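Sharing a structure below in structure tokens format, with a few things to ask.
Labels A, B, C and D are assigned to the chains in the order they are written; within every chain, residues are numbered from 1.
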Amino acid sequence: MAVPSTRVPRRVLREFHPCDTTVNVGPIKIGQGQLTLIAGPCAVENEEQLLPLAQRLAESGAHLLRGGAYKPRTSPYDFQGLGEPALRLLARAREQTGLPIVTEAVDEASLERVVEYADVVQIGARNMHNFALLKRAGRCGRPVFLKRGFSATLEDLLLAAEYVLDAGNPDVILCERGIRTFSDHSRFTLDLAILPRLAELSHLPVFVDPSHASGRASSVAPLALAAVAAGADGVMLEVHPEPERALSDGVQSLRPDQFPALAAELTDLACRVRRMREAVS
Amino acid sequence: MAVPSTRVPRRVLREFHPCDTTVNVGPIKIGQGQLTLIAGPCAVENEEQLLPLAQRLAESGAHLLRGGAYKPRTSPYDFQGLGEPALRLLARAREQTGLPIVTEAVDEASLERVVEYADVVQIGARNMHNFALLKRAGRCGRPVFLKRGFSATLEDLLLAAEYVLDAGNPDVILCERGIRTFSDHSRFTLDLAILPRLAELSHLPVFVDPSHASGRASSVAPLALAAVAAGADGVMLEVHPEPERALSDGVQSLRPDQFPALAAELTDLACRVRRMREAVS
Amino acid sequence: MAVPSTRVPRRVLREFHPCDTTVNVGPIKIGQGQLTLIAGPCAVENEEQLLPLAQRLAESGAHLLRGGAYKPRTSPYDFQGLGEPALRLLARAREQTGLPIVTEAVDEASLERVVEYADVVQIGARNMHNFALLKRAGRCGRPVFLKRGFSATLEDLLLAAEYVLDAGNPDVILCERGIRTFSDHSRFTLDLAILPRLAELSHLPVFVDPSHASGRASSVAPLALAAVAAGADGVMLEVHPEPERALSDGVQSLRPDQFPALAAELTDLACRVRRMREAVS
Amino acid sequence: MAVPSTRVPRRVLREFHPCDTTVNVGPIKIGQGQLTLIAGPCAVENEEQLLPLAQRLAESGAHLLRGGAYKPRTSPYDFQGLGEPALRLLARAREQTGLPIVTEAVDEASLERVVEYADVVQIGARNMHNFALLKRAGRCGRPVFLKRGFSATLEDLLLAAEYVLDAGNPDVILCERGIRTFSDHSRFTLDLAILPRLAELSHLPVFVDPSHASGRASSVAPLALAAVAAGADGVMLEVHPEPERALSDGVQSLRPDQFPALAAELTDLACRVRRMREAVS
């Protein structure tokens, strides 16, 4: 089993920084014990899609709003995101709802734009090994939401975070979103066993994205509950007003009417799990 | 994503058998809504190890007792189990505690012995593709606890169960116990996403074994909670009176004093999850 | 990188047995430098399929004839092999052609039958972890052709062979046949890098099966050539008189008219590779 | 098995462009039937390391010189490459030897520098999904050497190449360099089965890098031979004057005295394989 080498002091490790890191995003304190819910569409498509959805999410338990402006897509012919107009829509949604914004930067140019609008900068799984982007994210002045790469080991993920911390940015949130395996009943294999191990080794908060991991809307609720039970500090959920018409990843998106009950249950479970784990440990 | 072909009617599928299967083991009804806990040592070692442990487990929430008499071991030089003397010890533990017994058969000869003593016959991950053994298990007259192979797809697992059902035995319990991947922070990668998919496709009860999956005692509780949150019908846990002296797999075994609180929390969580999932769905 | 532990002397390792093992099958000396070709259908189907094919293979470079009598099949509804009638047909083919026979045993009962007819007993990938069968194969009095399991590490494979050697049978041939990975352009991922590593660590001869690994007839020749270039002692090839009508695995079978040229090229390449590797090393 | 969807015409596919693509690099015609050898150190370290080595490689069969100026490293504390001074050393080596230069760009800034000096721009495995960099590489005016990502499917790799072609650059060379699997006897699992499949689907030349794939110097020669046997258009080999003192990846580097014989054998094998494959097909 991989125990990261510690020849060089590592900023991500508990031995360097024993206490849990809290990442403050406006009034939200990520990693301080309360479950944080990030919700929103895979990609921002237009005003009609985003604004009413953001309103519903804000009213039903979401703490941050997600929505892609720049989309890393496997094919050059797939929808690549609206770019800056999407960022402006996200900013309007924040004005109307008060929800801070998480959105992805895919390169240096988009990072510059994203930093102007977003509260948290996402680095996606495909860029977890893009060390140039990680270094820039380390100097961007915003918390970084860093997704595990498709084939990243625990140590790879921690070292990617180390790039950001080493560049001067202590506010990193890790996110497990499934790894590539032979298993074919879900899009990726959600590796929840990384959660207790990360909690032992690192002080950084850890989220789980069950939407991208499973690729199936009907698996999102059970896996979100499982993530919270395994100790996740937060969950990122894709919600779209009309999943069947989504420009990307509709097949894994929840409908808005599915969100409030799930949010309430996840929050409730998180409280109980915290108490349970104290009882068990 | 694999949707099992249905050219041939499949006894494991809901389209053939829509209602959930309940497997009755004495008074215990597996798969009927209440969480079932199986606990015990990896291998039966001697009377002093097994009997007091069984007593403690019976008093603190276990529903069945596990313990290996025949151990499939990667190396011919590792401890291979006590064989029939272990079965006799398990039978004595049952007499004293009332706990039904689950133990593994590794070939035809051991299956014959196991059937004489055990209430449930386990077919391990290494034998999930041992079709001759599956057919025999299908005629053995005992419920079968079937573990997913290290590299079995969902369809492979269902077809392995189909061998048992097709041979005349309707009482099969499936068990997710981790798959082999590049991920090295745990011994195997626990694939909880298979749970909601199995529940959609099949009527058979599904358990999770977080002990073998993680290979780390400190990960067992969070993963057991996650399994229940994801909808597991039961959990199998390794418990050993002195993990550091265990003849096999001590590194992943809970101590007896860790079991009662975990059992209580798992049971409590299962009730809440059932209510939650009704609320969410 | 896995260096097998050597706390316990291991019969499969060079440190226990420095010289290459030669497995004698009639006049054929496997592992002594000359490339050995095993060819034949996935499953024996009937006399018309087998006898003329065996004749053609014998005339065009095959050293042993393969053909399944007992087939381990993922689904209980797939063709499971003809059983003993197939063994009798294989024996007749041997009489007519002089080719020794390799065929698979899937359990103790079939092993008893196979040993009566076959020159070499195959243990398939799905049974590499069937330790009871390995022990029996170790006492069966025939050379054993042992295929790597779908998710077996190098050490798992060597320890499976150790079961056979430890039971008294020194004549084991290892066979790489692809592992399960996310890669989806072939049925399994042929892991040729195991060849030089096995050659360093073990004295046993190593074969490659490109037919099952790739699952595509058009990939068989390039992968067979690659296997020989990487140092394989032999290659196992599926050949069927009418691949499109085969009862199993037709999609990966060569036609008989494709075999002679390939056999000649593989043999020629093996000679050159032996000389090359002497030049390079 | 994945057959890339063809709803959108794909520039990488044979159905769009039936004939093999030849990439011209000075006098070297890559993909036109003759084997191309790229050799050199993992990272450029200093003049004493690079210039005499380049001379020896030029005299013994190398067609292009490789050497990293910008190194993508998992840890921020590992040697990250000399940057532009390394590019100047590579340019001097080219002057002295006539060997064209292949070196990696890891972001936009390094791409601009690399384009000024290199004949071929490498995009490494960690950046195969860095679509912004791929688009820039598509407008950089140099051939692109594109390595398969650690967990890229065949379709992912072709679509990454499509980004470059779609941006206007037809000169792409694909490179298989091993994928991440559970297999632990080599650093990555070299997937040679992708070669025949790529040759069927795409017109682009395909190389193999056995040094990074295996991570073991003693496996490089057998895997390089296997790659050529499987139909590779070229091989990339790491060679270092003193592997044990290399600043990165010394454990997998050949010594300069191992290169000439291997180069000669690979070239000879490539000729024979071309003839063989004509005979076999």
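The rule we apply is simple: contacts are C-beta pairs under 8 Å (C-beta built on N, C-alpha and C of every residue); 3 or more make two chains touch, one makes a residue touch a chain.
Fair warning: this is a prediction, and the values are worked out from it, not measured in the lab.
> Starting from the defined contact criterion, work out which chains touch subunit B and subunit C both, please.
Joint contacts, listed by label: A, D.
> Select the chain at the greatest separation from subunit B, using centres from the mean of Cα atoms.
D
> Just how far, in Å, is the C-alpha centre of subunit B from the one of subunit A?
Using C-alpha averages as centres, the distance is 33 Å.
> Can you work out the whole-Å distance between the CA centroids of subunit A and subunit D?
34
> How many angstrom between the C-alpha centroids of subunit C and subunit A?
It comes to 47 Å between the two C-alpha centres.
> List, in ascending order, every residue of subunit C touching at least 2 other chains.
Counting only residues that touch two or more other chains, subunit C contributes 151, 179-182.
> Within their complex, state which residues of subunit C touch subunit B.
Result: residues 8, 72-77, 106-110, 126-127, 129-133, 135, 149-151, 155-156, 159, 162-163, 166, 179-180 of subunit C touch subunit B.
> Which stretch or stretches of subunit D touch subunit C in the complex?
1-2, 151, 153-154, 179, 181-187, 189-197, 200, 213-216, 218-219, 221-223, 225-231, 258, 261-262, 264-265, 268-269, 272-273, 276-277, 279-281
> Which bits of subunit D are touching subunit B when the two form their complex?
180-182
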